[in-house]
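For reference, chains read A, B, C, D, E and F in written order, and residue numbers begin at 1 within each chain.
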């Protein structure tokens, strides 16, 4: 049976921390689906389309990674895509508490779908999308935190 | 390439919480090696041989699970067994801090080996080997916390 | 002297986790007053009146539980109702930090009123009003998380 | 039905922090039984008898507080004394994690016994028995951290 | 080389907790610059000008403390003022996680600027600007939490 | 008035993490005294004399750093050396809770001595003396975690 994981997130923007989690998780799964959540409540730096386009350019050479957008519950997306796993990275204690809560809810509504956690690399654990958005808002160079796209 | 995970621990004793982690992790890996660490500093309830024998009886019908004992560093065992993954369950904040620390050390000495975490099921998260040992010391019935062996 | 506790909250909605805390706290107190805070900043799933009506139907057969709405500080409500205790359940670390902070503030302004904490049952600790609201927003069945009302 | 709580601990020594928890919990219970655990593994500053004698002198004028020693599980003591509650104070995050773990174990083996938590007063939260023992070992004055006995 | 620290914050309002951190940090630095961040997203109790004026009146007799407002990144302000240190107080776990995150970001964009932490005094750790704002909103007396200004 | 800080620890062994804290703290203080605690309860990798000798060789060219051994309370050492500050690095949540506890005790017995915290560099935060001791016990190369001594 094929091992597919959903890697859900806002990815606003997609950082080198996100890319690191995907690369380290690739040996675990046959397919990783990067699923960009359409959260209308959050103000965003990049539109959903820009994020979709950007992540596709970052990982385009890899047949084991798909990129898509979605609305709704992540467990519903898992069902739809035949994915039994949700992949998440954990950078710190706040992440842990957040992930635990979400995973417990997901287990309640979809006991057959498993959340798989990887620890963020300590040297990347400071990098978050919100940090990048804030640096960008103050006119700082954010390119060190963003993966290079294939056409650069 | 075969996906092998080491599931290291003292397993003194092996609980239904340990079994649950293995069962939930089985869809992720081709082989899970339950590796009983030989920690001479800890006083134990069951001898290494008893634990080895007991876990084998619990999981004997499953060709995807092996049981063994080991001394030394878990990452060295991974190399020896060709395992790229270390599997661990996380029950609470203390576990998280402990696992994060161990995983960071392991990453430092063996960057190619990945620690994969699953959250303990909340209904099982109270069950730990040390709790079982303590209840046993006070003459309480501990069978509800131990998996049934195949010959019962 | 009568032992009265205020059990304050938004209760949007009132869950089986809330009910469990009340049931387990009943042996401690003569009267538990479920006090629905009127927090206008929060967007709500049920109106204040619906929540009041719903909780009353859930617990109507119990002479030791009252239900009411309130605005203002919980300690002021305690004074008004002659309650010396504030009852709260704690599900996880985030709850703990939150409750500690509120309890410390309450102690500062009302040293004679004591906050009494019960741990949430682990099997219920995933259930929060915000989780129920989110599941509801995505069209999921939320009835497993809500107490049965007396007329059902 | 009488409301009896066990307040278990090592009390080596009994501090003003312990006394504060008892005093604040007295309005909740008809009887609080201070139960000094006989933990032979811990090296102690005062013998079990000294601690028993000392706590009795501290609280002797209060008919609602009893003092005793015990071995074994706290929940067994609760059964024996007809106590439905275990009283504990929480000073910080480490305490919280510890208490949560013990309470979950107790709930598993004795679901009818409830753990009731009070937050330590912030101004007393630094005071622990282990801190007092350490200061004492270095020849510091520890009397500010110990309650006055009735005969002083 | 002169030792200058930026003490950044919203200070809405400036509390006796803030003043305590400054007083305890004064022996460490030649100059402490209280830098009131102009965060337009937060709704405020006092205007930027009121806060500037108020803090100046509180600390006016001290030649080692300056007060100013700023917009933008704190590390940019450090550069501008020749400050190599950012001073922060930590009251609890949430503060710790928050400060760690900010400090890590600051280290990434300005490795030469050091964040220096002091623990809040436990007896003051309950006092936060948000607590004071909330008490004020409910018509409570907040003067115990505010430093006396020099002209009172 | 001279600014002297005690940097207390076991330093068994002294790691590049310890050195980093000293180097980053040097701009804050006139003198940093590395004070090696003589904790007889801990089993050690290096003798007190070896540690003293080793740290001296690591930092010998710096007139602002002294190295010594001590027994007793750190605050007593501060008094003896005229040091008003205790310097400590914080690597993670466990460190934070530990340091908070020690700092609160120190404040209680010596209110005029201030604990100053620096966050460990994330890329070094995995490195602890206990990790180095464990790697050493398993025959691993520990030189990457130890500072180079001046004579190498």
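Basically, a residue touches a chain if its C-beta (ideal position, glycine included) is under 8 Å from a C-beta of that chain, and two chains touch if they have at least 3 such contacts.
These numbers come from a predicted model, not from an experiment.
Considering every other chain in turn, the ones in contact with both subunit C and subunit F prove to be A, B, D, E. Distance from the centre of subunit A peaks at D, each centre being the average of the chain's Cα atoms. In a homomeric contact, the two copies may use the same or different surfaces; for subunit D and subunit F, under half of the interface residue numbers are shared, pointing to different surfaces. Comparing mean CA positions across the assembly, the chain most remote from subunit F is C.
By number of C-beta pairs in contact, A-E leads over the other of A-F and A-E.
Centroids built from CA atoms put subunit C at 35 Å from subunit A. The centroid of the Cα atoms in subunit B and the matching centroid in subunit C are 39 Å apart.
One finds 29 Å separating the Cα centroids of subunit A and subunit B. Looking at subunit E, one finds that residues 93, 97, 100, 104, 107, 122, 125-126 touch two or more other chains. Contacting chain pairs in the structure are A-B, A-C, A-E, A-F, B-C, B-D, B-F, C-D, C-E, D-E, D-F, E-F. Every residue of subunit C that touches subunit E in the complex is listed here, in rising order: 72-73, 76, 97, 100-101, 104-105, 107-109.
In the complex of the two chains, the subunit F residues touching subunit E come out as 1, 3, 24-25, 27-28, 84-85, 90, 93, 96-97, 99-100, 103-104, 107, 114-119, 121-122. By the touch criterion stated above, subunit F contacts subunit B in their complex at residues 92-94, 125-127, 131, 134-135, 138, 140. By the touch rule above, subunit F contacts subunit A in their complex via residues 93, 122-123, 125-126.
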